[in-house]
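Below, each structure is written out as structure tokens.
One chain, subunit A, links the two complexes that follow: it is found with subunit B in the first and with subunit C in the second.
On to the complex of A and B.
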């Protein structure tokens, strides 16, 4: 599960990762509210059906459904899973969210890649304008 | 809450080809897909990028459909097409007006049965792939980030960690015999699934599948990639250079449990796609804007983690 962050150059990468970690830690320690989780489920369910209909920038009708049917056929022999996996998502409880955060979102279970801009060249425009 | 049930029928042909039909006559369009169970993970060491290079070769002509015929027939029918290579699958797909369904199945069956490859096409596509890498990765701001940057930092098993787009030296080393071997090993009806969605009746879909694909001979079941990693005991970090963009970027990746392991989940394929765009945009803002905006983002992250656990 990979998250991508772009940040302002005046903030250090270490401070950025620390800000990310603080949010993860908050969920690990306090969990999330039922209301918050409910809102996420609404969004998840909406995205799921939108994904089935479209995909590939919208130019391929039913790309998402095709993709799930293919994967569930090749890896599970059960394309009908497309009709039931949403139930599992919607049954998630706040306690499970907190437990998953504690178990999996830990430093010894992750990798971080820093993509650092090379120093920008002196403005080429100035030379041309001289 | 019970969601709408999508009509699905599936069967397996005598040669092992799985066929799935999902009828929906709301619009006179059919989407056809063929997925082969072969992706980046299984390309041989010394041949990084080969699975994707091979995908390109599938558009270079087959026994009865000369080069460009496939694209010409789909486009002239008013359809669209493409293919893509992923970790464990490679797909080829078309969407056409439903009266062109049979044409599409004929084309897909012809290249499954008898792909036609030669050195000229291989050299040509090798150059096309290199250009694709130059455009999408080497000369693109944040190109390949993080999908190409994360694996070598996060993983130790070559199958998971290598350059999936391909080192140029490896692409150069690919030979015609590599292409033929790859085709014979993995592009088998018993290593694939055919999907027909949209304006088609299941009986019609299955009959056409049998007509065009039924006599393609199967082969020995191909090996599947071993994705296992040695145990990780500490955080791993790496850095790469950004040549064009001016903002620093960070990718943070957590290893999730194996699908369907214990109480694991069957949705690796779905999550991988959806996850990419959910936290990314909002996390960029979370560190610098109001704290209230940060919570939903964190919850998304965790929610996605827990969904990987449930069956």
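On to the complex of A and C.
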């Protein structure tokens, strides 16, 4: 799982990560509501169908479908999984979401990369003018 | 599993003949309030794509300020009388839908896609955005701040500076000359202006609803009538635009960016709109010149000479006028060499007939790309939108491939002579003046400008 966060300059990187952690902690402690999970499942199903048609724009329509057929053939020997893989995602329960968050979204198991602009050296203005 | 036994060949297999397209059924209708409707069946996935278009955009309001229709479209998505911004996002997720609002020179649009089973509630939200947008003050200030960042950033990008200058040079006092606002203009945007643009142009008489997807057209039509039927509003009145400039003779505009390590070249001249009878011929001629990867210009200055990575030519068909342009970002040392080849390839197409085999390749490419563009719901939507928004004939898509196939080498040469107006091409070069000026000066009188658009001595 990869998360990208672009934060405003007036917010510190540490405060940004703390806000991110607070959301994960909430899911670990309280889980998510059945209603929120239902919303996500609808979006997931819609995005899955969209992915089958899309992927590489007009120059390679239905790339998503080709890609999944290739993966399911290569790794599972079962290209027809493209028709049923969605069912498993739609059966996920709020308890399973909470359990997965507790098991996998742990600080011992992650790396954070901070990418920050380098402040220009103080003499940069003079160099440019020279 | 079968084991492949054939030995791979190192020659390209011959193309099989082009397959027929199963053209989707289209239903055209118009509500009593003037809303035009085009419904297209495409049952590939249980979703649908749609756009509610309005036939006016930035050009129609550029006398107030550039980019105002775009800012209006941005604001439309940020709140209605019934739903705040956050609620709109939650409802979209609940419907498995995506939605965006935008505006170009000639049109504004609310575009959306989602699951077919939730078509009615999604159209209900679109209806609310089109009729009851609330223009919240806090959202406006946020969007304005973001726009200010965008206009600051784009002014650092050579490709933007080149396009901005070419449009100014080709269009003069016509609204198409203004592609983006300045920081001062964004700072001066008024919410009341956005609201009056919204009231005047988001009307059923100005609108076209286009839906492509997995639905029954008759019941979809009933839903649209139910949701949009009691909407009312006239076409906006749009002030007459000045005629565009018509620059004669080659002239060079050098946009000076101190310290630039490469130069952005953009050459252009007036050409035609989509409605013009020569459109297909010009599309094919452009594809052969520089519109495709294996085109002459790309093979010459990218593959053979290595001056640039991504030379391209294109025909930009705006609603009232179109223009042809050639672009390449090149090393500073080869500005003159690149311009020489750009004009050489233009003039060669004007002077010499194209070999049959090369024309056949270009025809296969253009026709094949067109067919692929019809394979998905959003691909179909964009093709059918082109037909509907440009008032093209109903059989435009059905006859397109045959028209491409019918072009002869003589047609192509005549098209190049007519539209590759090399004697009157306007040349824009963006880069460090000290590195490129003497090279650029070989191609015409130079006018130098800075990135802000101020004339330089």
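Couple of notes before you dig in:
In this text, the second predicted complex is superposed on the first by the 116 of 130 C-alpha atoms of A that agree within 3 Å, B and C clash if a C-alpha of one lies under 4 Å from a C-alpha of the other, contacts with A are read in each partner's own complex, and residues count from 1 in each chain.
The working rule: contacts are C-beta pairs under 8 Å (C-beta built on N, C-alpha and C of every residue); 3 or more make two chains touch, one makes a residue touch a chain.
Not measured: the values here are computed from a predicted model.
In the superposed model, A:40 lies in contact with both subunit B and subunit C.
Contact with subunit B, but none with subunit C, is seen for A:112 once the two complexes are overlaid on the shared chain. In the superposition on chain A, A:52 contacts both subunit B and subunit C.
Once the two complexes are laid over each other on the shared chain, residue contacts for A:26 go to subunit B alone; subunit C is not touched. Once the two structures are superposed, subunit B and subunit C can be ranked by residues of subunit A touched, with B on top. By the touch criterion defined above, A:104 lies against subunit B but remains apart from subunit C after alignment on the C-alpha atoms of chain A.
Residues common to the contacts of subunit A with subunit B and with subunit C across the two structures: 39-40, 45, 47, 49, 52, 59-62.
Those residues of subunit B that touch subunit A in the shared complex are 1-3, 5-6, 8, 10, 18, 20, 22, 24, 27, 29, 31, 33, 35, 37, 80, 82, 88-89, 91, 93, 95, 142, 145-146, 149-150, 153-154, 193, 195, 197-198, 232-243, 245-257, 259-260, 265-271, 273-276, 278-280, 283-284, 286-288, 294-311. By the touch rule above, subunit A contacts subunit B in their complex via residues 1-9, 11, 13, 16-17, 19-20, 23-24, 26-27, 32, 36-37, 39-40, 44-45, 47-49, 51-52, 55-56, 59-77, 79-83, 85-92, 96-101, 104-105, 107-118, 120. Residues 39-40, 42-43, 45-47, 49-50, 52-54, 58-62, 128 of subunit A touch subunit C in their complex.
Those residues of subunit C whose C-beta lies close enough to touch subunit A in the complex are 44-47, 90, 93-97, 113-115, 118, 259, 369, 372-373, 375-379, 382.
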